[in-house]
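So that you can tell them apart, the chains are marked A, B, C and D in the order they are listed, and the count of residues begins at 1 in each.
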Amino acid sequence: MSNTPPLPRWADLILLPVINLFVALAICGVIIAVIGENPFQAFGVMIKGAFIYPESLGYTLYYTTNFIFTGLAVATAFHAMMFNIGGEGQAYVGGLGAAFAAFLVGPFAPWFITLPLCILGAAAFGAFWAMVPGYLQAKRGSHIVITTIMFNFLAASLMVWLLAGPMMLQGQQSPQTAIFDTSAHLPKMSEIFAIFGVKIAKSPLNISFLLAIVALGIFYVLIWKTRLGYEIRTVGKNPEAAHYAGINVARTIIIAMAISGAFAGLMATNEVLGVHNRVILNFTAGYGFTGIAVALMGRNHPIGIFLASLLFGVLYQGGAELDFEFKSITREMVLLIQGMIILFSGALAYMFNPPLARFLVRIGLVKGVQDA
Amino acid sequence: MSDIELKTSGDTPARFALELQGISKSFGTVRANRDIDLQVPSGTIHGIIGENGAGKSTLMNILYGLHRADAGEMRIDGTPCKIRSSADSIALGIGMVHQHFMLVPRFSVLENVMLGSEGGGLLRAGRGATLDTLKRLGETYGMVVDPNALISDLNVGTRQRVEILKALKGGARILILDEPTGVLTPQETEQLFEILKVLRDDGVTILLITHKLDEIMAVTDNVSIMRAGTMVGHRETAQTNAAELAELMVGRKVLLTVEKGPANPTEILLSVDNLGAVSSRGHDVLKDMSFDLRGGEILGIAGVSGNGQTQLLEILTGMRVPDRGQVNILGDKISKTSPKNPRELREMGLAHIPEDRHIHGLVLDFEAQENVVLGYHRDDITGTGALIDRDVINTHCAERMETFDVRPSNPALNAKNFSGGNQQKIVIAREIYSNPRVLIVGQPTRGVDVGAIEFIHKQLIALRDAGCAIVVVSVELEEVLGLSDRIMVMNDGQSVGIVDAADTDVNQLGLMMAGISQEAAE
Amino acid sequence: MLDFLLQLLLALDATLRLATPLILCAMAGIFAERSGIVDISLEGKLLTGAFVAAAVAAITGSAWLGLFAAIGASVFMSLIHGFACITHKGDQVVSGVAINILASGMTVIAGIALFAKGGQTPHLPNESRFRAIEFYGVETLNNVPVIGTIYRELISGHSLLVYLALVLVPICAFVMYKSRFGLRLRAVGELPEAVDSAGISVTWLRYRALIVGGALCGIAGAYLSISHGANFVREMSAGKGYIALAAVIFGNWRPYKALFACLLFGFLEAGTSRLQGVDLPLIGEIPIQLMLAVPYIVTVLLLAGFIGRPTAPAAIGQPYNK
Amino acid sequence: DFKPAVIYDMGGKFDKSFNEGVWAGVKKFTEETGVEVMEFEVTNEAQREQAMSRMVQRGATVVLGVGFGQADAIAKVAGENPDVQFSIIDVSWLDAPNLRQYAFKEHEGSYLVGVAAALKSSSAKVGFVGGMDIPLIRAFACGYVQGAKSVSADAEVLQNMTGTTPAAWNDPAKGAELAQGQIDRGADVIYQAAGGTGVGVIQAAKDAGKFSIGVDSNQNHMAPGSVLTSMLKRVDVAAYNTFKDAMDGNFTAGVQTLGLAEGGIGWALDEHNADLITDDIKAAIDAAAAKITSGEIAVHDYRTDNTCPM
């Protein structure tokens, strides 16, 4: 669409996404109507289920936390043109890292020593699990997409073996570790607020949400404000030029992957340290894969990633409520709705760009052609 | 429209193969073509010149159907026609050689030529016919290429031929060439022009875009001049001269020759000693190369591209590790056992203007200001703090653009949105800023308009006079002759000899480039 | 010893069955990606194909109708992919993710609506499935020592779709390298500008590539649910689409090499599953999880060791706008 | 007023396995009493606790959790809501005054089908295909092995696990291949405990003209004449009783261990497999069952020490 004028930032970053979301919801509304429910009622439930109910917002943000971490993981690698599909495995192994720290240090050390170590453990293990594919790509030319997929399977095997074997809590049957000592529990938001006498509904939402927000900031600074970030982006956009500029391409790729894996690993702080306080079989539940969509829908920018994460949080939590409230709406129905929203406000994000641009020109909000 | 009678083929009254009227085209908010009128008599070679970004390619792309004009009319042989896609233009007998190669590197010559005219559902069907066509064209115009060679293995000159063969295969009657000589050696250019003349005599109408005025004077019958998206004039080539054309396109007077005083060389800053390099395929691409270079002098390196110049530059700038011999630079040494990476060399005071600005010189998706610190991003020009300081970079970039007259002077614009000449200026501005003691330059003015060329040459001379040792590799013999104090000619990875720029000429260099030793050449 | 050889033979036999859906999806992936479009929606198309095949076969009782319906359905999914990332230049990966999720939801919803068996489709009688084909002369050759066994176990006795998959590979290579379509397809994945300037529509070319891919995925799906299996089970594609994508890259986007990769994956899975809990000479019994991980470990080692840098189609992932 | 609720596990209420069994029980309850039961299928870990407390918020008076995965959640929610009744299946290690726990002796049922398999097998080789290598599945396998060996000490049992990701429970193609692999190695009766993957096992056995054994609910109908029998784990009974007792005010906390004796475990004999189960097979199974109920045979439960004697 070369001869449609470019959209102004505000329209591109706010108006267009809003329109897309609206269309996506309209489509879902039709689907819901087709199965004989009232769309407006349904969306009402969804919104209520995602924000209004006492603990609903907590759950929404709890999911958001996971998506922020996995989204950041994908985005970081993406800036180095590495397609990291391994977030799932890296987060899984990150849980292991947190657990090691919790079991080794937890019993003896106070929380202000244990927790940082656990968080570090999660990041370190995740980083390692991503660094190996990064190394193989940079030094041996093994394609990152395959190796990260393979490492997801490897992580799964490793964890089942550990959780159903050596690390399994005896005297019960689920493949999971023992509960960590309280020194390794991330405080729940409800507990924090309670300290200040504010009473909010109990939910899995915990401090790691703030950690995620911090991570967004770190990501922004890293990519756009540090020299390493500059090198990462250069390698991503033009490795030849990077070489010309004296940047060690292989090294940069490995570092970028390590950071990417660390972000993924941090997802475990939410699930393992914040919610379950133990490692559970398959606690990653696909958040790692969803991170791909989150990062790309968020255009690999922290604000975009946050909004995309929030959107997915709403879809997960609000979706659960839909399932809850309507007998005819099953969890597959919710899945379908999620798919539609990803399709229309993700993949078809630019569908309304040209018409919108022309419209804005017509109503004079954007200046049209001028001289070169 | 045209202010003067255009020269037409033979004595027949003007028949126009092509007429454009009121063509306009905008990209987003950029108006690339504004109300363009153009008449091209059939059977003539028609030159089109203009500064970088003047809108030449855009106009040609419209004519060829790659872009759709926002407004305007076209007539081919007097009959009005709508060209919606390149398919239409091909059907109308228009062929085009693009400014940037349209060849699939992983394909063979044959596959590239067949693309679009396979002559049947199976390649087998058309293969024979295409081979014949290639053979025929090859013989008639002396453009012989191996149909089974992979494009990625061919040098630019040969690729250019393949492009032309592609354009001609369908028997084009109007042939558009968008800066075909940008990457050619003088010899190759000569051959190309011979071919064009033959084509013209066969009645083919040719549109030739180039920045090189001497070429315009050499082959064209008429010439049209563009500036900032508009047609500013048409001339019959015989009735005009380079200076006038230059003034018309740039809008001011331009010097067409390099002005420089005598060199006053200082101590040796760079000495190359029996340097050798082996390609990944195991061929010797660089053989016992030796020379010295002093501060305050410019060593030009002439040679048909693909004779080891690239490898030499890569080694001198740390992008490639030598396989044999060594380089002594600024009192330090580069060799297989003690390699140096580009960073270290920059820190020592070396700067590098790469041969290909798109591959090495720039990150096209970065803003101009981000490109202006490429390679120096760990120095203070990105701020002294732990983090990059965008304001510092921005002011630095603005200042650079100011001094080098980069247009548009907008640090936040992506590099890819500058025209070729301005991109080159950005690279040079960056590399010269560090006022290096050794400067390695590859193809300083490839695809750059005369205005910019003049400017760039001035900069290089100024740097020389400031005591910098400069190596310039260029396929433009005129340029090498104009800039250099001494000239080394390379052939087959070796130095054929080093001559004083003062007492040599194009012919001698040309012969030496063909591998004939200096003495024999004299 | 002889027994070992027989087991090996049977493992190869299993390899073919396991590799068939991978091969078909991999060929689909090659068409899409060679045309410049990343296709992680193989998984979703496979699942869609599996469901539609089983559903239609169950309703009509005809395996063939099932097959064609599956092809149609997964071509439709391809068209959605194309609409998003060719026509509207959307992000190809996001579009792929969306399609995969849609498929997971859709299949089960439709399944419940049609058969009220929790998303499963009814078990098909053999006549409405593609069953193993006994080749001519199996009996006569049977008592010929080695050949007989090989002929009986390995060559003969597969479903039509298995043979179809194997035949389709050379056909794909032929189309890819010998036909006009193939030439243009490879070109558009490398340098769409060149295709455009040759007067060929980039858009339509890429759509066709996706359509071909959709058809292949449809066949693969049908194989899962009405040939190898006898009904649809939710999520039954179980990640095979992703493995196929890995095979495409492993095979450097080339038909025969991708075929090899698929067979390798199949063989590793067949082999290791037969070695589960078996006491191996010297090594002893290997923990099950480790055994289950062997295929992935081997793949990584191969990639790191022998397979060189794959060279992706140059224009992959970028929408074409002139 | 009385308001029952059930929370299915990840597998979903149509997992062809124990969630589906629970669903059968729920249906039966609703049909008999006309009381609607609130339902929810969790899709990730966090939803378990959420679903339970939401059920309580919406006025549920008795909440049934399905599967050991919900143990943590139910323990928590039960603690927070002492006046609501809770019940959970496949858990025995919790302790709360308002929580009933159902533990099943799958190993006993598996023992019986092991006996059947060994007797039916003409190659003295039988097979087992599990979903994932976790203790519960091991318990199935271990009981099965003991049963088979009890028939003839040199009976061989080939064992396979499907995978390590959740897909392991939904991969019929892989299941079929694992079964085929065992058939190739001589097995002619194959027992599966692998959810949706088991569908593939049953199919493969049928296609190869061999026998398979169903699990959890009665799967004989899935391939009449090929499914030898099914190991019944009467979670439907557990579900039904939970709600019935709560409705009639006879809800009791504590662990209810359901084995052969209690009729919580059994094996399926119906028109679909009547002619597969010969009289002496039936006799042998009944005999074994009698001995187990009388305690004469103590079937080892893998879960007690994470080892299997055989």
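To be clear about the criterion, a contact is a pair of C-beta atoms (placed from the backbone, for glycine too) under 8 Å apart; a residue touches a chain by one contact, two chains touch by 3 or more.
Treat the numbers as computed from the prediction; the structure is a model and nothing was measured.
Participant: Report the chain whose mean Cα position is at the greatest distance from that of subunit B.
Facilitator: Comparing chain centres, D lies farthest from subunit B.
Participant: A-C versus C-D: which interface comes out with more C-beta contact pairs?
Facilitator: The comparison resolves to A-C.
Participant: Report, in whole Å, the distance between the mean C-alpha point of subunit A and the mean C-alpha point of subunit C.
Facilitator: Taking the average C-alpha coordinate of subunit A and of subunit C, the gap between them is 30 Å.
Participant: Determine the centre-to-centre distance between subunit C and subunit D, using the mean Cα coordinates as centres, and give it in whole Å.
Facilitator: 34
Participant: Quick one: subunit B and subunit D, Cα centre-to-centre, how many Å?
Facilitator: 75
Participant: Between subunit A and subunit B, what is the gap in Å from one C-alpha centre to the other?
Facilitator: Whole-Å distance between the two chain centres: 46.
Participant: Mark out which residues of subunit D touch at least two other chains, giving numbers and ranges.
Facilitator: 12, 133, 163-165
Participant: In subunit B, what residues contact two or more other chains?
Facilitator: 67
Participant: Can you list the residues of subunit A that touch 2 or more other chains?
Facilitator: 2, 153, 157, 160-161, 330
Participant: Go ahead and list every pair of chains that touch.
Facilitator: Going through each pair of chains, those in contact are A-B, A-C, A-D, B-C, C-D.
Participant: Which subunit B residues qualify as touching subunit A in the complex?
Facilitator: Contact set of subunit B toward subunit A: 25-32, 34, 53, 55, 67-68, 70, 228-229, 317-319, 341-346, 352, 354, 359-366, 370, 373-375, 377-378, 382, 386-388.
Participant: Can you list the residues on subunit C that touch subunit D in the complex?
Facilitator: Against subunit D, subunit C makes touches at 7, 10-11, 13-14, 17-18, 21, 117-120, 123, 131-132, 224, 228-231, 233-236, 238-240, 269-270, 273-274, 276-277, 288-289, 292-293.
Participant: Can you tell me which positions in subunit C touch subunit B when the two form their complex?
Facilitator: Within the complex, subunit C touches subunit B at residues 178-184, 186-187, 190-191, 193-201, 311, 314, 322.
Participant: Flag every residue of subunit C that touches subunit A in the complex, lowest number first.
Facilitator: Counting only subunit C, the residues touching subunit A are 80, 83-85, 88-91, 93-95, 97-106, 108-109, 112, 119, 242-243, 245-246, 249-250, 287, 289-290, 292-293, 296-297, 299-300, 303-305, 307-310, 321-322.
Participant: Note which residues of subunit D are touching subunit C in the complex, please.
Facilitator: 12-16, 20, 133, 158-161, 163-165, 167, 170-174, 176-178, 180-181, 184-185, 196, 199-200, 203, 206-207, 222-223
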